[in-house]
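Naming follows writing order (A, B and C), and every chain is counted from residue 1.
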Amino acid sequence: MRSSLIALCAVTVAACGGGTPAPRAADVAALPWDSVEALARGTTVTWRMWRGDPSINRYVDDWITPRLAACCGVTLRTAEGQGPDILQQLRLETAAGAAGTTDLAWINGETFAALQRDSLLGGPWAHRLPSAQSLDSASAIIMRDFERPTEGFEMPWGRVQFALVYDSLRTPSPPRSVSALAEWIRAHPGRFTHDQGFTGTTFLKVVLYALNGGVGTFQGGFDAATWDRTAPRLFTWLEALVPSFWREGRAYPQSVADLDRLFANGEVDFAMGNNHLGVATKVRRGTYPASARVLMLDDGMIANTHYLGIPSNATNPAGAMVVANFLLSPAAQYEKQRVEVWADGTVLDINKLDTEWQARFAALAADPLGFPDSVAARLAVPEVAAEWHDRVVSEWRRRIRGRAGE
Amino acid sequence: MSERPRVLLLAGLTLTALLPLAALLLAAFGMRWFFPSLLPEAWTAESWRDLGGGRLLTALVESIGLGLAVGVGATALAVPIGRALARAGGGLERLGAAAAFLPVAVPPIALAAGLQLALLRLGLGGTRTAVFLGHLVPATGYLSLYFLGVFRLLDPDYEATARTLGATPRQVLQRVLAPLLARPLREALALGFLISWAQVPLTLVLGGGRVRTLAVEVVAYVQAGQDRHAATAGLLLVIPAVLALAIARRSADRTTVVMT
Amino acid sequence: MNRHTGSWVAIGLLAVAPLVGLAWAIWAGAGGADGAFALATLGERLRRPAPWISLAWSTIAALVATALATMGAITIALAFRGTRAADRAARALATLPLPIPPIVVAAAAVLVLSQSGLLARLAATAGWISVPAEMPALLNVPHGTGLILALAWKELGFLSLLACTVVAGLDPELEATARTLGASARTARRRVLVPMIWRGIFPGVVAAFAFVLGSYELPALLGPTHPQPLAVAVLERARDADLAARGDAWAATLLLFAAAIAAVGWHEWSRSRA
């Protein structure tokens, strides 16, 4: 208690004294929770996040923001920025010794690894949140971000699983494994492609695992010898197959949004996405035709979690923790998972909640497109160290994209 | 020129204006608009309701405010710059013209990173002021060229004669310069507004994601495949811009001086 | 105080931002941002072929688009110089793209020109094609046709405004004199009017060329996957997870600066001739 009082004094002095640095997340986290809430009351939190999806924006702007103001007296402001932008912004701010412009950031995977490498995240703090009691802390997919233990430097926020998308009218019996997909692509030239972004890379990793005896080969950190042994299988597979891709593999959609457009208009027969539950949302919105369905390959589909971090130069870590705590509450997690809202999976262990919330989450579980939850869970494959991801990106750019047109 | 090619040309021009407009309107109101259908399966005003909800409206206000500020700020800088360079003449004037052309020719994506670090060091990272200063760079370059042209045509003897006849510098400004510059000033404000209005890379980088103009919202929606919202915000971007141009065009004959 | 002080202040104000940008590009391109500044790093980065291929592709695309837009602008300015409704309508339509932001031009181009876009659907309605693949690919292709058309349309707005203004200011006696001296209407146009318009709009043509060469939004949406347009390559490297690759971006930025300075030189040379 005494130490926390000292910490509170330190934090308060730092927060009020002009010119002195802002309180650090780790110091704030040492305080009792009601002190954190008291510090946060009446402050503004800037949350840097991806702002491209109107459904997510509506959830944040219309559902979260007013409730946060009402419950905790915190004003939530959003700022646009995804992984690479956040990294660049924080690096520059730190280099310039400037005050932070971000209190809370939506991050995961390679961004988390890069931010930790440069000590750009504050913490540990996430384990101190009252809501964190209900986290699904047994799940490696949730508690380890691309195999890196989160160790309280980021808070799990949502869980998704990669899936392909097909049109049940156009392709009544789709391929259900990586090898069957290769056969299908050869038999239907020009009808398959993947995007150049994160989603497309996830697809390439699914293939990489499948061709090399599963994800186990890649677990336990990056290993150059394993990469030299396994990567050629992926790239020879691709080199043999890309002539049968859309535009003979000479062009690739810039983003998964472009791939969605190709799929919806019948230019290709498959789309893909990082959130299999989101397919129903895209059907509702009219991005996909009503006959679009989720497809999971038997080789295993990568599941991954997205997180919230507090930058080390954040000016309002107490406010950021209060926001994070609210976002992890059963009510906020439930709202987020509804298909009509966002369809983003919860990171809570339902069994740790009271019976009322258990019943409500159970009622959500049924996928409206008839994809059984148990199958998705059985096929879920965890992410591996971020360096594998980065290697796939750079090697693909060099060997596959670079050969286009030659 | 005979009539037939003129008719063909006019028809072609009409198509280049109508096709993009029709596509944007269909995308903004359409739902499930897939090949080969010319018209969507269903219609919705969902994205327009979001406009009332605040996000696009806030961005619209942000864009208009920034555009006006940049128009005024760049004009205020460009008038004395253009005048000083036009009076200097000779090699100095040529050097000045080259210096004014530089911020016009250097792509914003090349400028953005360096300016970002400089503005962060000044404690302006991610602020509206930073975005304003960033937009001023191309706008001031462009308008300085413009006013260099204006003042080159403007006989400096006007001012000297007025002074000889006993006018104070203030009277020279009020009675001689202001009427002569009224039209160029109006055009300059509109052009400065337009340069800010369409700017994306400088806003994204210098605004640090916190300054959300309409153009930046369109980029976010396009990247996310939200065609309906992208088209809606796109239409909102086009309408005031066309109006601003119409204002500038009311004295189109003056625009020659822009680049000569 | 020197009477040229004002001019020097003006020049300083104009040049400061580009110089800051240039200094950053050299510093970060040489590894300064990663704490290992060495000019040799910069030299090594600039010896790689990739950014030069991107520069070459982008330059050719910008040149072709600018040439198309210039020809279009001169043709329109000459064909519609009257005061009738059709003349005024044509001039207004030609200048329409000037105020439309590039990102909107790009988004509209995707909706119109893609293989399942509005043009393809019109073709399908007419029965000329049945699936998108039968529609010629205009976007994201190495020949860049769709990108060049969109860039040219965007430039047409600016260049036709300039060309129409030049035509409006031409002495009507000129053409009449040429005709009196025995030139046909066609010859008078080609030998007298077109060169005069060309001289009048040339600095604008250079400015438009510099603008499209460095623009990002259109190539990002409409450009080919390979070779990458220079502006797209710069931004992709700048966002790379590998920090060393980010340095490549700043080195490639120097090529953009060089292209801009070349355009400035071209502009000044054309002015000094005029």
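Keep in mind that, in the parts below, contacts are C-beta pairs under 8 Å (C-beta built on N, C-alpha and C of every residue); 3 or more make two chains touch, one makes a residue touch a chain.
Bear in mind that the values here come from a model prediction, so they are computed numbers and not experimental data.
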Examine which chains touch each other and state the graph shape they make (line, ring, star, complete, other).
-> complete
More contacting C-beta pairs: B-C or A-C? The answer is B-C
Interchain centroid distance [CA atoms averaged], chain A/chain C, Å | 38
Please compute the C-alpha centroid of chain B, do the same for chain C, then give the distance between them in whole Å.
-> 16
What residues in chain C touch two or more of the other chains?
-> 116, 132, 221, 238
Residue list for chain A, restricted to those that touch at least two other chains = 85, 95, 261, 265-267
Find every residue in chain B that makes contact with two or more other chains and list them.
-> 34-35, 117, 222, 227
Which of the residues in chain C end up touching chain A in this complex?
-> 33, 110, 114-116, 131-133, 137, 140-142, 220-221, 224-227, 238-242, 245-246
Where on chain A is chain B touching in the complex?
-> 46, 48, 50-54, 57-58, 61-62, 77, 79-81, 85, 89, 92-93, 95-99, 101, 255-258, 260-261, 264-267, 285-287, 289-290
Once bound in the complex, which stretches of chain B touch chain A?
-> 31-35, 41-42, 44, 47, 50, 53-55, 116-117, 120-121, 123, 125-126, 204, 208-210, 212, 216, 220-227, 229
Can you list the residues on chain A that touch chain C in the complex?
-> 84-85, 88, 91, 95, 110, 114, 190, 196, 247, 250-252, 254, 261-262, 265-267, 386, 389-390, 393-394, 401-402, 404-405
Which bits of chain C are touching chain B when the two form their complex?
-> 4, 6-7, 9-11, 13-15, 17-18, 20-25, 28, 75-76, 78-80, 86, 89-90, 93-96, 98-109, 111-112, 116-122, 124-125, 130, 132, 153, 161-162, 164-166, 168-169, 200-201, 203-204, 207, 210-211, 213-217, 221, 231, 234-235, 238, 250, 253, 256-257, 260-261, 263-265, 267-268, 271-272, 274
